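Next up: the structures, one after another.
Common to both upcoming complexes is chain A, partnered first by chain B, then by chain C.
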Partner chain A sequence: MKGQLSYIIKPLSLVMTIVLLLILYNSIQSFGNRERQAQQGLDLVADATNILLVLANSEDCLAYRSTVTEGLYANIVDITKLNYFAAKYANYEPECARSLDFGWRVTVIEFKRSSGATVEGSKWSFGASQFSRDAAFRNSLDFSIPIAVRYSDKLTRTGTLQVHLVDGELEKISGMLDWYCEMFKTNRLSKGSFQIMTSYPLSYNAAQGQLCSMSKENSCRKMSCAMDFEKIKSAGQYNLKLSYVDGVMVVNS
Partner chain B sequence: MIDNINNRRSRKKAVVFETMSFLILSIAIIGVIIMLRVYLVGGAGRSFGLVVERHVEEGVYAGANSVLYATEERSGKTMLELIGIAAYVGNDTVDFGPVVGKINVQKELEWRFDKIYGKGKWYLHVPQPDIQPEIQIVFVVDTSTSLCDDVEEMAKNLPFLIEDLRQTRKVTATIYLLLGGANCCKLGTHEDLGPIACSRFPEKEYLHCVGLTASVCPGFGSGGQRDEDWGNGIACAAKGGPKEGWEDFSIKVGIPLSDELPQGSECLGGNTCCADSPSSYAAQHIALQNGINASLKNNLIVFPMRANPCGTVCSLYAGGQTIERYTDLQCNCGNLLTQYMNEIADATGGKMFNLKNPTDVVNAVKDVITSVTPKRKPELVAGTQPPVRVDIRTVTTPVPVSLAGVYTTAYIYQWS
Partner chain C sequence: MLLLKETNGNENKNKKGSVVISETLLEAVGVIISFIIIVLVIQLVFQQQTAVTYESAYESVARDVSTAIDRASAAAGSIFIEQPLPKGFQLNLTIDYKIVLIEYGGHAVRKSTVGMTYTSPKSYTNPSILCIIKTANDRRVYVANGVCKCDLRDATCDPVCSVQSKCDPVCKSSVVDDVCNPYCVKVGDGICDPDCYRNVSDSVYDTDCVDPSNNPDSVCDPDSNNIKDGMCDKDCYTTYSNGNTGVCDPDCPPSDQVTEVDGVKYKQADGICYTGCINETATKPNKITLPKDGVCDLDCKDSANICDPDCPDSEACQNKCTKENEKADMYSCCEGLIACPSDNICKKLSDPMSCCGNGICEGRPGTTNGWGPGNKTRWETFYTCSQDCKNDPGTKIGCQSGGSFTKSVCYMNVFDAQGNFIGFTPVWRDNIFQLCNDEIQKFLDRRNWDIKELIKTWTDRVPESWAWDIARYQDACNRMQSASLTVSTNENYTNNAPRCCGIQGAACEDASYLSECNGVGFCIDHSTAVLSILRTLGVPAKNVYSVFDLTQNSAHAWLLLKCDPNEPENRKPVECEGNWGNWLSIDATNHYVVPLNSIQYTTICLMWNDQGLYAQNDGKIDATRGYAYDTNIPKTSSADPSLCMYNELCKQPFGIDCVVP
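Coming up: the complex of A and B.
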């Protein structure tokens, strides 16, 4: 009887060991996924903060520079620049704070006092007007930072700068293409390639200079370079090959 | 038999070892899973928390800047400047005069921080430096004969008084002498004591004397009796300010010194006293009203001093004529003068002084200084006291108190 016990325990141990190893494998996979998700969320939050700070504090973006002291004031934005950005960048992100990983749109709201109550005053908005949709959309985040909108020496109003940041396939692909564009323009690269994953067909609208993801509704993003883009007709993984010919970025899949 | 026993023992040992091995393997795998959970996922979570906290901290700094550099729309001053001015005057409310009005700095900070940080999520305090705001005094002095003794006393003691007051605070005085300037003489001996003129007051950095002529005060001096017109005189002084000009947020004090109504107590040009009603002295009341209006417009607090009107005076006139006379008119018309002086004092937040002797001027000026010295708040406070056991983020910002040439610090606390 005791000898028979060994014959039961051996296979049982083997099965249990296999089960435990499966649990371990599954856990490693699951933790890996969670870590990747956390990392993506982390990148999104870090980028949101960086974009807001750059917009509010960089002279190339909205920051006010005093003509008297020649100094910049932290988080004080210039009304002239704000009006200019709202007019010029109504549909795409300004170069001064463009992210190569995410798409964003910001809204500036000022506050004022009216009849004893705090009310919203003027609003300005600029940045990308379309983002990845449906299956191409991964994550989004809304963050804000207080600013002051400076009209003149005698008038500066408190307000907020709010950013809507989107993580999606179209944003990643266009970000990579823009990065290569910059490398080509500055002669730091002559050709390159990278892999993409797309859930929808992709095409380039040369007239508008926009790369479009064709889900139920088209989502388009303005590109930094003019492109000769070979249309991607279906979802899937592609290896894009890039070169730069006569000021045009040639993209083949 | 022995072999059988040994075999059984060996198998038993093997079973124990197998079971132990399985247990050790299980514990190791569970340990690995726990470690992965703690270090991998926990680490990512901690990193996420750190990045979010960085955003929150940047938001708190940005919020402080956006509020402190925002302007208050009536005054055009930034909140930082307003805090500095509030620290100078030692009060949450700053008076910018009749055009802009009073601004409550605490309330201006509150609605902005409430909007940026959220109501009940912030607290600010600014310790007020120990500053005594500058006091600027303008005297408007009646130069008729009955003021000879009062002016003499003033000339003798005022420089010492101001010098003494300046040991603890910045005080300046400008004496405006009304047009005229009676030539005073000593009762009985008729010794020439000289005219009531600025030559009696030595010019000092903090004490000036100016004759209130038409060049100093355009329009003043034409028509009517001007040596006693302290109503229009105080209006001129309020508009023009002291010799150095009105300083921002100084305490502005006007002291008319006279024993008659503005433009004199003579009724209808006669040497009699009219009824105790302003309507019987219409021109005089208009002069008073001019003084009140100009004082209110320039934030001048008026402390009228009525010199003792009853007594004998001595004056020298051209050609060597000397007159000694009892000031019966001034003595008899006292009720209406008191009424007029109280009227301007009440309207401007001052107080009337009834001087019994010429020597009372010095004590009266001391009383004025005491009464206008504001009670200072030790600190400017706004928002809600921070609760205990919460994470508090702090921003400290230097606040220039430019009027005093010093700095204080704004402490801003924010919590979620």
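Coming up: the complex of A and C.
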């Protein structure tokens, strides 16, 4: 009887040990994933802050430069640049504050006094108009800083600069493609490759110059380079091979 | 399983021994396998954890570096930041276009930067500290290995010296090193720093970089604007030409292309009319005027929109225009004339109906052959120009003269001895409502005596809609104006600004002074003018009132119009569909017409029109007491009737106490 019992207990204890080890492994993996997500969240916050600061304070973006002192003033944006950005970058991010990891859209709201009360005045908006959706979407964040909108020597109004920042597959893929585009245009590279993970098919709309992720509703992003993009027909991991021929970026998977 | 099968006795003995050995063997094998599995799993866990820890540690380093670069590029002025890196890391750090790349032990992590560096890629092996420098003049961000220092005696060009307003002699070289130190540039020293001579502004122009033997050199430095250096930069000359204004090179056009004929200097035609330098005061949106430099540019001479004052017969300088009754196809109409929108023939500007009679009905903007914005007094309808607009809409049935009460009220701010605002007091003024006035009839004629057309005016954008004179807040109650003045001034208002300042020097926030603003009015002027228009149109007195809404610190007037299904078609607003029997709110100041129950208001103090207070023309109350407003109109929860000062409000014009429900 004792011998028969040991026949059952011994394999069982072996199985239990393996199960416990697998649970331990799994929980360590899940801690790792959570840590990774926390780091990505941190990246998102850091980028949101940087985007707002660069937009408000960089002369290449919206910062007002005094023609008298030739100096910039912290967080004072130029109404001329604001109007120009809202018109030119209605559907994509300006290079001066483009992040290759995330996509963003910015809204500037000014405040004015009306009948003794402070009310919202004009609004401007620019940046990406579409973002990754559904399974391709990972995280997003809304952040704002106070700014002043300078109209003239006599008129400056207060306002806010709000950014909607999105972490998604389409943003990462288009960021890498745009980086290669810059390398090709400046003759720094002639070919390259990188790995992508996509949850939806990808195609390139040559007429609009947009890379589109075909989820239930298409999400598209404007690309810096004209592309000859081999369509990706299903979700999965792909190794994209890139080259530059006669001003066109050729992308094969 | 083999052990259960028995045969003879000897065999049985042998098998018994086998059983013992097999069990022990099995146990031993089981322990070994367990041990191996445990070791493998633990090893896997440790390996993965080590890889993850490594990766996240290097990612943190990359994030710190990219954040420091972004903070530097976001600085409004010049700045340098020291960014220490953790010790003991074996890594190769690369800073490239919008990227920080860290390579370690066959792996790599990457972080994107947001700001631009405008510098060449840099790579460092095992750096312990980085110096990140932003120089405001050229907007470049440099990343150097080591502590931030400006050492004038070492062999390295330190960009920190630019921030500290010093010239590091090593930076003063003809070698491209990304660093343009403005304190090292000395004009005429024979040394050209190529980092300071480029197509981007860095507030530095090194004339030593100008080389006559290398012209053009693909660089038109924006910082060379208005600097005379004795040589016309052909890059600027070709870039800023034929209407493209920007960098002015006073040495252009090239002197070797200039010849003199009959005492006039000409630049020979080469297809380039240089427009980098312009006379800013004389240049208009549709015509560029060049400065008088003594040289007539033959490429500019025959241009229709570039005037070169040195050319004796420049077309564009002659201010050619089209005369009266001629078509303005080539040149715009001469001063005092305006082109009719249908046939483009120039007619007198002073006569609003000068285009009437050309056989084409030229109405409001957006209609076929309609006028452009700001020409309200020229709109042709059957009632303003029956020769051209032949269809009689049948909406004008004469005008309604209305009641004799012409007063309008205004709530004046009251201040205490220290000048603090303490409340309102009502003030009534005579001769405000005006029914059947000429100006009001003309206003209605231009809109076919149709309430739908009227509402288009109050909900449109200026100049088609009514403007708001911010200067009216100065001594407003003593300056209440007649309805006809408000109507006629707004009809003649041509500016795009919805808010303007009618008194020069008045405190008008952001609104600019415009002489045509004086008379456009503000809320109470708009309210009484709209009421005069609607009553002239024929809206019954019981259906239209001017109202005042007061809150603790603001007062606003607008108009209430009842949606009466028994009214004729030309007095039925589209906004009444689905809202019959209820009140519409018409706000000509804020340009909206919506059901009253869809807007936020606080305390409607009174409803009045050319018949007097609300109750008096309702006919239900005796002649000595009257309701101030329709009791069916709901009040908001924060309504405070004491603000309305009812006793003073009703005593002044009526000599009665208002009934306040």
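We take it that the second predicted complex is superposed on the first by the 229 of 253 C-alpha atoms of A that agree within 3 Å, B and C clash if a C-alpha of one lies under 4 Å from a C-alpha of the other, contacts with A are read in each partner's own complex, and residues count from 1 in each chain.
The criterion applied here is as follows: a residue touches a chain if its C-beta (ideal position, glycine included) is under 8 Å from a C-beta of that chain, and two chains touch if they have at least 3 such contacts.
As the structure is a computational prediction, the values presented were derived from the model and not from experiment.
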Checklist entry - Can A:54 be said to touch chain B (first), chain C (second), both, or neither? => result second
Next on the checklist: Tell me the contact category for A:113 with respect to chain B and chain C: first, second, both or neither.
Outcome noted: both
Item to check | Which superposed partner A:148 touches (first chain B, second chain C, both, neither) | outcome: first
Next on the checklist: Output check: A:25 vs chain B and chain C. Expected answer is one of first, second, both, neither. What do you get?
Outcome noted: second
Next on the checklist: I'd like to know which partner A:87 touches here: chain B for first, chain C for second, both or neither.
Outcome noted: neither
Checklist entry - Which of the two partners, first being chain B and second being chain C, lies in contact with A:245: first, second, both, or neither? => result neither
Item to check | Contacts of A:100 with chain B and chain C, given as first, second, both or neither | outcome: second
Item to check | Contacts of A:74 with chain B and chain C, given as first, second, both or neither | outcome: both
Next on the checklist: Looking at A:182, would you say it contacts chain B, chain C, both, or neither? Reply first, second, both or neither.
Outcome noted: second
Next on the checklist: Just to be sure I follow: which residues of chain A are touched by chain B in one complex and then by chain C in the other one?
Outcome noted: 3, 10, 17, 21, 24, 28, 32, 35, 39, 42, 46, 53, 56, 73-74, 112-113, 155, 157
Item to check | Residues of chain A that touch chain C when the two form their complex | outcome: 3, 10-11, 14, 17-18, 21-22, 24-25, 28-29, 32, 35-36, 39, 42-43, 46-47, 50-51, 53-54, 56-60, 63, 70-74, 95-102, 112-113, 115-117, 151, 155, 157, 175, 179, 182-183, 186, 188
Checklist entry - What does chain C use to touch chain A in their complex? => result 23, 27, 30, 33-34, 37-38, 41-42, 44-45, 48-49, 52, 56, 59, 63, 67, 70-71, 73-77, 97-99, 111-116, 121, 136, 139, 203, 509-510, 553-554, 556
Checklist entry - Once bound in the complex, which stretches of chain B touch chain A? => result 8, 11-12, 14-15, 18-19, 21-22, 25-26, 29, 32-33, 36-37, 40-41, 44-45, 47-48, 51-52, 54-55, 58-59, 61-63, 65-67, 69-71, 73, 76, 78, 111-112, 114-116
Next on the checklist: If we count contacts the way the header does, which residues on chain A are in touch with chain B in the complex?
Outcome noted: 2-3, 5-6, 9-10, 13, 16-17, 20-21, 23-24, 27-28, 31-32, 34-35, 38-39, 41-42, 45-46, 48-49, 52-53, 56, 73-76, 111-113, 118, 143-148, 150, 153-160
